[in-house]
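Below, chain A partners chain B and then partners chain C, in two separate complexes.
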Partner chain A sequence: MSFTIRFIIILFLSATVIDTQSQNADQIFKAAGSPANPKVAISWNHYNDHGGITEICKKIAAAYPELAKLESIGKSFKGREMWCLTITDFKKGDPEHKPGIYIDGNIHSNEIQGSEFAMYTAWYLTETFKDTKFIQELLADKVFYIVPTINPDGRDSYFHEPNTASTPRSGVIPIDNDRDGMVNEDGYDDLDGDGEILLMRRKSNNGRLRVDPADPRRMIQVGPDEKGTYEMLGLEGKDNDGDGQVNEDGYTFEYDPNRDWGWGWQPNYIQNGAYKYPFSLPENRNVLNFVMKHPNIAAAQSYHNAGGMILRGPGGQEDVGTYNSQDVQVYDAIAKKGEELIPGYRYLVVHKDLYSAYGGELDWFYGGRGIYTYSNELWTPYLMFNKDATRDPQDNASYQFDRFLLFKDAFVDWHEYNHPQYGKIEIGGFKKNFGRAHPGFLLESDAHRNMAFTIYHCYHTPKLQVDTIIEKDLGDGLKEITAVISNQRIMPTHSSQDIKFNIERPDYISITGAKVIAGMIVDNPDLNIAREQKNNPATIEVSNIPGLDEVTVRWIVQGSGKYTITVDSKKGGLSTKSK
Partner chain B sequence: MAKLTLVNGQTIISGQTNKAIDTIEGYGTKQLTWVIKGNGKVKLDVGSPSTGSKSIDISL
Partner chain C sequence: MRIRLLTLLLCTTFLSSILVAQTGYSDYAKQTSRLKSIANANASTTKLVSLGKTSGGKDIWMLTIGTGETSSHPAIAVVGGTEGSHILGTELAIGFAESLLQNSNSDSIKAVLAKTTYYVFPNMSPDAMEQYFAAIKYERLGNASVTDDDRDGKTNEDPYDDLDGNGKITWMRIESPVGEYKTHPDDPRILIKADITKGEKGKYLLLSEGMDNDKDGVFNEDGDGGVQFNKNLTYKHPSFSPGSGEFPVSENESRVLLDQLFELFNIYAVISFGTNNNLSSPVSYNPAAANQRIVAGWLEADTKVSSLVSDLYNKTGGGKDAPKTTAMGGDFVSWGYYHFARFSFSTPGWWPPKAKPDTTKKEKAFTIDDASANFLRWSAQQGINDNYTDWKAYTHPDFPNQKVEIGGIDPFVMSNPPYKLVGDLVKNILISLLNYQHFNPQ
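Entry: the complex of A and B
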């Protein structure tokens, strides 16, 4: 009897151990560049709804209180918290005085993997900090503000309601799309109840499509001299309100959250998708407020899908002049590195290479705040076989990839359905998790590469240093102190957009502990050409400290003794030197 | 052209003894700055071929 009881207890205990931990630390051999035995165990081969994001963020913050802090930047329309992880070495320096990068994802509801990429970044930085000198130095100097989703309502509706890979793009504030006085009365219908919005097809003697004999899942267009056997009837749905239209007013297409930002904003009749006025969507307004409270943000990244692109502004043709050559140089240098780090991704300009759009997020970040900003369009069909492919339904690559690498998990086979309006039809097609979202086994690898790009971007925010201090005795108790302040990274403290619109105050280079008689900016130290600053000469105001360059300032001081020189820049951080 | 002449053994800490001015607008002004160590007077001559010249003494 007692033997049996003990046996049961042991069984129970071992089951618990297996449940929480797969291997002991000493059974693990570290793979290069990845945390071997992370405190926060997450597998990066699935997606997480807002509840999942909340839990992961809380776990990271709880596991690494000296590296991660969690706050909500506000609530969404439906009251979900918009989480922000601040990642930095809190033991070194004041986070508010470190150059920062802001990262977000998921502004478009169906563009989900940006949230995982953003969280992977937070996870990776905290888990590798202990072993990786580069990450330690990075987090001593810089701060990451990571908001995994800026559209949590839309995200959850994409996951938990029937959808396609492309819906909803919009957030969830209701809009009467067809202006019939009813709201969301006729959206897609999950006719067969499988949680997916698929395609509808019907046999037709005059159809222009037929079944591909090599893969019966695939429909191919017939040539001009052939006869087809099928016609397509659009996305799964029916006429819900008896107005003779199918799927004309659903919750999946209300407005575009990426046409709501306060730079070059245009109303809906000019810019399709704009909501009421700039920052009329609560989620975007929360981001605005957060960014305004953090003037140390010098770089930004927003994650979209799809297509494999590293995008910069301008979004609108009118703003071409806004991006002058110095800023374009900075954008080019960082993004070209990005093309190297993320195979299959191309560096493009929104208005020129895609389409012209007003009121986009990246335009506000750069145009309104002078912050160097990229939008990455995550996932490219290139990644299926590491060669060029398209998302065109006529492209066979997706079917081949699904068949041989995903074992047909991404496709719902065609099956019959009796439609109230169309009669006998068939429903089938790719699931919503395929085509724009990464398949599981490629998610972590591409998250890592995109993270590496944002780390490079963040690394190249300004790094200021009081380099050399040269003293010259002028006699009569007077001394000339010349200080060289260097910026050791690509980014200037002020983008030219910032200087043009006086967005951020100048950098202050100040001397304390000495009686200052005169202060000046030295334009040419060799030829002794300087500009005197008459007011408050102890604190020299410099409009900009360019990237990979230096500025020289000079003071005439009276007396001797110790003094300290400080450079204080909103986007460039703080640095001091005493002598 | 603006030319600063030191009279009394002063030294210029910042600013040039000869400074070319590209143009002065009608009814306009140009501001030049020198930081000088010493005391007494310095002499400033300013002129151009089309305006003639003017000279002033500045007491430090």
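Entry: the complex of A and C
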């Protein structure tokens, strides 16, 4: 093809693209709470592989250079970049000195929609900034660190390899789990070549199942006194290595990336899925390095699926005491708001309401860094008909939903196949994009609700302010300056876990421009009880500034003149006042 | 088996006499050159590789010793320098390799190397260990990573200070009515805690030598170094305590060692040198600890092996008067058993023997048992008199109106013996390690 022709075709194609994606601004009437005519046109009703994520992130960063910056926090095992979008108002303040929230998704390969939810957040914040005062104020104060996928290898393998909705959970580092010298020698097989791993059934006079007369796609258990017509043969596959077992050693579970974090970590024989030692997976190590470099991260959110849950730790029962009552109050306050914002989602505690799991991401963020962290299990069958539904085999809501709302797009009809070991069988069942991932039309709506929860979470990271400054003349050229520093949000500058281990340095409240004779923390302003800080009195160190509360400090200074009081907190940000 | 053992004993006695004479402990450069010499002289039986570098830029060496398909032979890992102040451990690990290979042409050693592989990791704390050879000596454990040991937001702001300028960090005793220490009744050079239950009153505060540089009321709590290898591993990691690292296996030396060991499926036992001792007295079986969900005690079958190994060690090396120790968490010997699932043994290799009173000097048994007093008595009997710094008055600005004296037992001397004893200790380790190969899984 000659250059000119190619050029013309490209021109023509790009013109078409612009035409289909963006209407004339005059033709649009704004729907409340959504960007009317976004610069970055994205439809939030499909999923994106790593290439797609890369493109969306680049577009957002290119469209809003003053609100979004894109960096790679490192490479995955297979060399994919792990993208991080930093979203804040870069014109107002230093991002490193703003309280931050860290958001990631997709730690488990098949738990995909967290990436879209995370990107939706970045997209929404940048696209609505112009029109929305709340978002402007939020991005002036706060910074969002958004890593859509912390497991890009696993994500692409889920999309592009034949899989079920539940596989693979693990990343893709090959492991010879059974030390038999062979790695992944007998995984699933996409027998019918449709990119899905479905179910296998076979007609059988002694089967315990029959076809549901109400929906012939559905298999139901026969009664104890009935004879069935079918038996189930498990997930699609064959005995590849001739050892008499089918699908017994695939790549779909090598290790669990969410058992690889450095708080309460336990080895594989205690915690199935633990790899070698905390952060032994390169993807998690990249996250670790990023978090250690950003001590301003005060809140964190990781997106999983499924079940409709807002989870907090502890993962292990041994850590019950770690989550002490002061911190649990903060967790409760934010998550209970989350339950309101995201109908169908329940606020639960991992070890108590789910199972015990050691070395999870949320436990390290909190236990190891003192960061208030939730894991949301996205998608719940509740969302199908806005009423309780289950994945119970007796509950046919999934079939009804697929039939009347998805028009049977989520199901591969049973079809015959000649199996090398089982003979004549039938293959069919729900596709991998159904059951754990959101159907397209509900994706944007639930992404928005979950984003709203993380915005609420982020909003309640500390907001510090030098409130009042009171001066008192002590005579002899001496002056007493008392300053009240308030924190206007729910979160303290240091969680109790942080204070217990001195994870982050104290907050510094300093005075410049005055000759300081003495400095003190005023524990009780009414009774005038104070503790003097002898060493370096110009910078008072306070261990914490509690949420919706204040601290008082005092200096005795010599002379008069202008001075500035600054509060400098790693997780609480920076605030100054001059007098 | 008895005959084989005797043969081995005989040849090891013989070969210890032909060891290259070392005159003192080797610093990192010397350690490296000794390892390279071993590898060069024994190309057919050894391989030396660097696994990676510490934060201080020093190599973590691994020496593989064996013939044939070494990765499919039962193997023992030998690990030295688990603690930077334990120079002896590195000396034992390198000495073991040297003395084993001195005689690698003998039939008995050839037979050993044909069916057993030894992986020697001589020094896991090379950054810290250099402090022994530095202008100011102190028992450093942490590597070159910059840490905030007292977690106050400032790093390395209050190190030791060599106030008396003798090149060693010793002790300060400060006369004080609130002091908890008094002099030992039988040796006034030694301070011991006053027994308040007997109505005794202390006379001295006892602190390490230095200033309160950051004026926070605590002395020498945040100096150079770093993360300690023997506190950085996963089993009961003491997160946020000084030297532990911000999370388990935070340091490069920890990671490269563990990554390597996890590849070596043929290892069945790990022998390490450090202050922990579970070799001279066997690990006992504690059913409650062994059976809890997070396993915290050796399994019963393994304690039986531990008994056998201890017997063997005590017969050959002599575990007499060995100190009893408790692993403190994050340590290598615990990791080896609980998280690497191999037999894991550690020994200090040496400790001050119990000194008998010298009746010619009219010495009597100590009225109060004390390790330091015993050590000085033993030293004197060996004719060693440079282990101690006499208390000398010092005008200390942090104690303006108090009597301050600097002195006491020198660093390193209680865990690292005079070098002339090292040859015999290496011999003992060699015999023990050669004996253990009889436990090889067959």
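One rule holds in what follows: the second predicted complex is superposed on the first by the 554 of 579 C-alpha atoms of A that agree within 3 Å, B and C clash if a C-alpha of one lies under 4 Å from a C-alpha of the other, contacts with A are read in each partner's own complex, and residues count from 1 in each chain.
The criterion applied here is as follows: a residue touches a chain if its C-beta (ideal position, glycine included) is under 8 Å from a C-beta of that chain, and two chains touch if they have at least 3 such contacts.
As the structure is a computational prediction, the values presented were derived from the model and not from experiment.
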{"item": "Fit or clash between chain C and chain B when superposed on chain A", "value": "fit"}
{"item": "Touched partner set for A:528, first chain B, second chain C, both or neither", "value": "first"}
{"item": "Chain B versus chain C as contact partner of A:501, first or second or both or neither", "value": "second"}
{"item": "Partner chain in contact with A:474 - chain B first, chain C second, else both or neither", "value": "first"}
{"item": "Inter-centroid angle chain B-chain A-chain C after superposition on A [Cα, multiple of 10°]", "value": "60"}
{"item": "Which of chain B and chain C A:518 touches, first, second, both or neither", "value": "first"}
{"item": "Touched partner set for A:269, first chain B, second chain C, both or neither", "value": "second"}
{"item": "Partner chain in contact with A:554 - chain B first, chain C second, else both or neither", "value": "first"}
{"item": "Chain B and chain C, minimum CA distance [Å, superposed model]", "value": "5"}
{"item": "Interface residues of chain A shared between complexes with chain B and chain C", "value": "534"}
{"item": "Residues of chain A that touch chain B when the two form their complex", "value": "474-476, 478, 480, 518, 520, 528-532, 534, 554, 556"}
{"item": "Complex contacts: residues of chain C adjacent to chain A", "value": "148, 151-153, 214-216, 233-234, 237, 239-240, 246-250, 254-255, 258-259, 262, 265, 293-295, 338-339, 341"}
{"item": "Chain C-touching residues of chain A, taken from the complex the two chains share", "value": "179, 262-263, 265-267, 269-270, 276-280, 288, 292, 318, 364, 368, 501-503, 505-506, 534-535, 541"}
{"item": "Residue numbers on chain B that touch chain A, as the complex places them", "value": "11, 13-16, 33, 35, 37"}
